[in-house]
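Next up, some structures in C-alpha cells.
The same chain A turns up in both complexes below, where it pairs with chain B and then with chain C.
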Partner chain A sequence: MRNAWIAIVCVLLLDGSLCAQQPKPSEYQVKAVYLYNFGRFITWPANPDSKELKSFPICVLGQDPFGPALDTTLASESLDHKPIVIRRISKPQDSTECRILFIHSSASNQLKEILSALDHLAILTVSDMADFSKRGGMIQFVLEGEKVRFEVNLANTENANLTLSSELLKVARVVRRNDKSGD
Partner chain B sequence: MFGTKTISISRKLTLMNMLVSGTALVLACLAFIVFDVISFREARMRNLSTQAQVIASNTVSALLFDDSQSAHNTLSALQAAPNILSAEIFLPDDQLFASYSRDPSWQSQPPLALKQGQAESSWTENEQMLLVRKIEVDGKTIATVFIRSDMKDLHRRFLRYVLIAGIVLAASLLATLLLSSFVRRAVAQPIIDLSDVAKAVSKDKNYSVRATSTRGPTEVSILFDAFNEMLGQIQSNEIELRNARDTLEQHVIERTAELAAANKELEAFSYSVSHDLRAPLRGIDGFSQALIEDYGDRLDPTGIDYLKRVRSATQHMSHLIDDLLNLSQLTRTEMRREKVDLSALAQTIAEGLQREDPARSVEFVIARHLSIQGDAPLLRIVMVNLIGNAWKYSSAHAHSRIEFGTTQYQNRPAYFVRDDGAGFDPRYADRLFGAFQRLHATNEFPGTGIGLATVQRIILRHGGQVWAEGAIERGATFYFTL
Partner chain C sequence: MAAGGLITPSLTNAQQSGQQPVESLKELSLEQLGNVEVTTASKEPEQVWKTPAAIYVLTQEDIRRSGATSIPELLRLVPGVAVARIDSDHWSVSIRGFAGQFSKSLLVLIDGRSVYTPLFAGVYWQVQDTVLEDIERIEVIRGPGGTIWGANAVNGVINIITKHSRDTQGALASATAGTLDQGIGEFRYGGGNDKGFNYRVYGKGFIRGSESHADNANFDHWRSGQLGFRTDWSPTSTDSITIQGDIYKSDDGERVAVSLYSPPSRLVLDGPHDVGGGNLLGRWNRKLDEDSDLQVQAYYDRTSRFSPQLGEIRNTFDIDLLYHVKLKNNQEISLGVGARWSPDTVLQNFDTLDFEPHQETDSIYSWFLQDQIPIVRDKLSLTVGSKFEHNNYSGFEIQPNARLLWTLTNHQTIWAAIARAVRTPSRLDQDLQLTTFLGGNLPIYLRVLGNKDFKPENLIGSEFGYRTLVAKSLYVDVSAFYNKYDDLYGYGAGTAFVETSPPPVRLILQLPLANALKGTTAGVEIAPEWEPFEWLKLKGSYSFLHLNVNNKSGFADALNTASDNGSSPHHQFELQTLFNLPKKLEIDGTVRYVSALPAQLVEAYTTADIRFGWRPSASWEFSLVGQNLLQPRHVEFGADVDTLVGIKRAGYLNITWRR
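After this line comes the complex of A and B, so read on.
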C-alpha cells in the first residue's frame, strides 16, 4: 500500500527523487508531501492589508527535520497557482508571509509564544509535537503504525480564517472543535 | 343465437376486429417496451456515470493521504444502490486501493485501461453494466474507479412489462369480443338478412319477395336497393318469358292442327286419286280395247291408231297414279335398318335389265362388297331408279358403260352410279330431284318424272344426301351418302 501511494504521488509530483527512492519513503518525505496536499484542501482568505504574494511560502520554524526532503519533493511544485518556496526561519515573527508553518517538536516549550505571535494570521500551523492540536495548533501529525495520519483542530483554523475542505476532514483521524484545554 | 350461415360472417368480423386490434396492441406494446428498455438502460448508464463521478471526487483526499479506509467508507455508501455489484479504485499501476462488493467472494479484476484523453468508458458484459472512470487531480490521473452494475432489475422490469402487455392484450381482446357483437348487429345482420332473402328466392323461385333494411351503413342500403331492383327485373323478365312461351305454345297448337288438317286432305286426295281417278281410267282403257276388239274391222287404220294412242295415254296416266301413290306411301311406311349388300343389289338389277333388252350393248362395272346399313326395300327402290335411269338415258348410244362404286365425300363414304349417256345441263341440276320435273321430253326418254324425287325422299329419310354431276351428252353421275 505504501508503494501504491508513491505511485499517486509520483504522478502528481514532477520531481523524480521520491519515486527514485522506492520502495520505502521516509516518514518526513511523506510528511513533506502531506504539507503540499494540505494546501490543496485549504482555502486562504484574500489578504487586503498585505501586498499580493508572488509565491506560496512553506516555512519551517526552528530545527528542520525534513532534511533535503522538503526541497527535493516540493521545490518545483506550486499551490494556489503560485510556485512553492521553502523558507527556514528561527523567530515566529518572521513567519508573517508564510502560508504553511511547520513547527519542530523541539519548540514545544515556546509554543504558546509562537502561537500568540501568529494569532489571527492566516497561517496553517502544522507540527508533530504531542498534543499540538490540543494546545492551539491546527494540524498535528500522528503515526498509526507506519502510516502518517493527522489530527485537526477546527477552532484554531477558523480563528485564522482558514477554510478546510470536508474532504480533508474526512481523512483526518481526529477533528477537534473547542478543545483549548492544552493552552 | 344465429343460424349456421350467420356464424361465418359474424365470426369473420369478430376475428378481423380481434386481429386488427391485437396486432396494433402487440406492435404498440412492443414499441413501448423496446423504448422503455432502451431508455431505462440509458438512465442506468447515466446513473452509473454519476455515481462514478461522485466516488471520484469523494476519494481524492483519501488517495492523496493514502487513506484506503476512507475510500472504502466512500465506496461502502453504494450499499444504498442495490443494483451495484461492486466498485473498486485502482491505482495507476493497477493495484487495488479500495474496493466494495455486494458479493464477498468477488475477486477484483483491474479493468481495461482507458485511452488517452478518455475520461470514462462503459460497456455491458455477461448481463452486467460496467463503467470505468478516471480520478483526476490537476488534470492528472491518480486512479480509476471501476463499477459493475447488475441488469437483473432490467430483466425483471422487462418481464413485468411483458406481463402487463399480456394482460392488456387479453383484456383488449375480450373487450373487442364484447364490442364485436355491436358491430355484428350493425354490419353483419343486414347482410345476413339479405342472404336469407336470396336463399328463399333461389329455393322457391319466388321473385316477388323484397329485402327490407332500415339500418346498416349506406353501402348496405345500396346493396339492398340493387338486389331488390335485380329481383324486380328478374320478375318482369320471367313474366315476359312466360307470356312468350304461352303464345308460342298456342301458335304450335294452331299450326299442328293446321298441318293435321292438311295431311288429312292429302290423304283424302290420295285416296280419291287411287280409287276415283283410276275407275274412269279403267273405263276409258277398257272401252278403247273393246272398240278395237269388237269394232276394229269397221275402223280404218287411222281410227285404230287413235284408239291405241288413247290406250297408251291412259296406261301412262295409270303409271303416274301408281308412282304418286308409291311416293306418298314412302313417307308412311316404317323404316327397318339392316345390312344391305348394295353390290349384290346392283348386280341383280343389271342382270334384270339385260334380260329385258338383250339387244343392247351395255358394260356394267360394279364394285364388289359394298354394304350399308339401311332399309332393304327402300334402298332397292333407290338402286332400281338410279341404275334404271342410267340404263334409260344411255339407250341412245350404241355402246354404253354403267358403273356403280364408292368414293369419299367429306370423310364419309359416298356411293355413285355413273353412265356415259345423254347427261344433263348442269344449270338445271337442282331441278332433277323435283317431282314431275323432267329435263327430257317423254317421247325422247319415257318416264313419269317421279323416280329421282322418290330417291331423294328415301335418302333424306336415311339422313343422307343425294346430288348429281353431269353435262349434256357426257353422261351423268348420281352420288348418295347415308
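After this line comes the complex of A and C, so read on.
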C-alpha cells in the first residue's frame, strides 16, 4: 500500500527524491565495473624491466566521463595483489605507467599519436569512441539497446602480450584485425 | 556488427547523476553484467544522428514498454506513421499519406526479407509477427528510400530487425490473457557455444476476439500459430553466417461483399481467411579487409491465402549481393546487385473477381551504386547514388538520390535530400477484373479493369531535417517534406455496354485503371524527447500532412482523388510518458489524437493506453495493460463493407518468465 502511495505522489509531484529509489545504474557505473573485471580476467606479462609497480594504476585520458563512479567502484579494490589507484591524466606521455588506460572520446583526433606512443607496451586500452577497435584500440564499449557490451580486437591485445581469459572472450565480441597503421 | 548502437561522443559527457552503490554490480558475472540495463544520456545512436534521412528507431525497451501485442500496433509509437485498425485482423499502415489496407507505396522488411505482396501491392499485416521480445529494433525511414531499398519504397521503409541469437540465450516463457487478446502464449529457448555458434528456437500462438460490429458479428475473431529459429555462426573472425526461418498458420476472417451476375446480385460473406506460409533466409557476411566487406543474402518465402473471394499461392526467391568499401580519401562506396522471382497462382472463386492470367511470375533485377563523400571532414558530407531496376511490368526504372548532412556542432545536425522513387505496377494494376453490382431492374454493374499499359507511379521528393540536443535531457528531431507525385493510380474514362455472356443480360459500366492522377503532399514531423529525471521520460510527436491529389488532364476520377485526399490524417499528436517507480514498478502511458478521415467516414478521435509493469526479480515480469481507454469503442478506418467497425476498449495481463 505504501508503494502505491509513493507511486501516486510521484505521479502528482514529480518528486525525484521519493521516486528514484531503485533506478537503473548509469552507463558509466557499469563501465567502471567492467574496467575492474578486465583487470581480473586479463593477465599482464611479467615486467621485464625490474621496476615492479607497487600499485595497479587505472588511468583516464582526457575528460572523465565516469564522475565519482570510478572512485566509488574501484577505490578500495586491488588487482594482481596490488591496490588500484586511479589517475586522471591529460598528456599521452603520462600513460606509460598505467595498466588500464581509458581514452575519452574527446581524444579521438589524437588517437593515432596516443596509440603509437603505447605500441608494444602492456597497457590495456579501452574506449567507447566509435571505431576504436578498428583504429588500433583493444577494447571498445558498445551499447546494445540499454546494455553495455564490449568488443575486443585480439590483434591489438596480442601485440601488447596481454592474455585474455576464456571467460572474458566468451562474452566479448571478438574481432581480429591486423592494422599496423593505427588509423 | 555494422549496426551496433554507438552513442555520439558528445552525448556521453554527462553521466554523473544518480550514482548507486555499485557493490552489487561487482558481484555479477561478466554475462550478467552484459545484461544490466543502464540509463544513457540519449538513446539516439550515432547512426541515427548521422543519417541524412527522416529515420526513427524503436528500441526493444520502447517495444517492451509499449504494451502493444502486434507489430502494426507498435508502429503507432513512430512519429509520422499513421496506423489505423480496420478490424481485429486488418490494419492500414501508411507514412506521409496514401493510407489504405494495402498502402501501396510502403516497403516492409523483416531481417532483410520483403513482405510486400506484389498481388495487391501492400502488406498483409496480420501474418507479420514474431516474439516481440526478440525484436532488436524497428527502423522506420519516412520518405523515399528507393535508391537503397528499391521499388515501392516510395513513402517509407519499415525495417524490422530481430536480435542476434547471442542476445537471446536462455529460456523465455510468456502468457497473456485479456478481453480482446484472449490468450497469447510464447516460448523461446536459446543456446550456443564459445566457438561462435548461437541459436534460438521459438513458438508463438494466440487467439484474439472480434472488434465491435453493428450486427454483433464475429468474423474477425482469429487464431494464429508460428514457429521459427535463428542461428548465427562466426566460423572465423571475418565471417558471419546467419540462417533463420519461420512457419506460420493464421486462421483469421473477413467480411467481403461479392457480386453475382444472377440473383441475389450481391452477397455479403463473413468468411474465414486461411493464411499459411514459411520462409528460409541465409546471410553470409565477410570482412574482406579493414575497410571493406561483402554480404550475400538469399531467401525463399512461401505464402498461401484462401479468402472467401479469392485464393493466392506465391513462392518468392530472392538473392542480393552487397559490397561496401571505405576508400583512402574516406569516401564510402556501396554497391549491390539483386534478383527476385515470384511466381504466383490465383484461384478464382467468383465470376466477378479475377486476375488474368491466373499464373504470373514477377521478376525484378536490380543494381545500385552509392557514394558517401566527405566534403569537409566530420562537418559536411554528400551522399549520391541510384538504383537501376528492371521489372516485368514496366521495364527499366532509375531511382537516384542526393543527400547532404551538415554537422553544425556536436549537438546539432541538418540534413537535406532530394530523391526519385517509383511504385512499380503490380498484378492489381495490370491484371485485375473486379465487377460490382450497382442496382437496377436491368442490372447495372461497375467493372474495374486492370490496364496492361499501367506505368509506375513516381515521386520526386524533397526533404529537410534538423536534430538537436537542446540540453542534456532534451532531444528534438524535426523534418519537413514536399513530395510531387505523377502517374498515380486512378480510373480512366468509362465506357458502357450490354453484356450477355454469361447470362443473364446486364449493363456494364467499365472503368479501366490508369495513371490518372497527380498531386503533391507536404508536411512536418516534430518529435521531442525529454528526460527531466532519471525516472521519467516523455516522448511526444506531432505530424502534419497536407495532401492535394488531382486528376491529370483528360481524366475525371472523383473516387480515387477523394480517397487519396481523405484517408490520411492531417494532424496526429502523441504523448508517451515512461515512469520508473520504486520497487521495480513501471507506469507507462500514451495519449494520441488522430484527426478525421472524411473519405473513410471516420471522425477525429483521442484515446489512451496505460501499462503497469512490475519486475520483482530478474526472472519475472508482470504487466497489466489497458488499451483505447477513453471510450468503449471508436472507429479508426472504414471497413470493406457497409458499416464501420468499432475498435474496443481492452485490457490484458501478461506474465513473462526468463532464465
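Just a few scattered comments:
The criterion applied here is as follows: the second predicted complex is superposed on the first by the 153 of 183 C-alpha atoms of A that agree within 3 Å, B and C clash if a C-alpha of one lies under 4 Å from a C-alpha of the other, contacts with A are read in each partner's own complex, and residues count from 1 in each chain.
Just so it is clear, contacts are C-beta pairs under 8 Å (C-beta built on N, C-alpha and C of every residue); 3 or more make two chains touch, one makes a residue touch a chain.
Since the structure is predicted, the reported quantities are computational estimates derived from the model, not experimental observations.
Looking at the shared chain after the overlay, A:130 reaches chain C, while chain B stays out of its contact range.
Contact with neither chain B nor chain C is seen for A:93 once the two complexes are overlaid on the shared chain.
Once the two complexes are overlaid on the shared chain, A:147 sits against chain B and chain C alike.
Taking chain A as the reference, the larger set of touched residues comes from C, when chain B and chain C are compared. Contacts of A:171 after superposition: both chain B and chain C are touched. In the superposition on chain A, A:37 makes contact with both chain B and chain C. Overlap of the chain B and chain C interfaces on chain A comprises residues 3, 7, 11, 30, 34, 37, 41, 147-149, 167-168, 170-171. Chain A contributes residues 3, 6-7, 10-11, 14, 16, 18-30, 32-34, 36-37, 41, 63, 65-69, 72-73, 77, 104-106, 108, 128-130, 134, 142-149, 151, 154, 166-171, 173-177, 179 to its touches with chain C in the complex.
Across the complex, chain A is touched by residues 58, 60-68, 70, 91-93, 95, 97, 137-138, 140-143 of chain B. Every residue of chain A that touches chain B in the complex is listed here, in rising order: 1-5, 7-8, 11-12, 30, 34, 37, 40-41, 147-150, 165, 167-168, 170-171.
Taken together, the chain C residues at the contact with chain A in this complex read 1, 4-7, 9, 12-13, 15-22, 25-26, 28, 30-31, 33-41, 43, 45-46, 59-61, 136-137, 167, 194, 196, 237-238, 290, 532-536, 579-585, 587.
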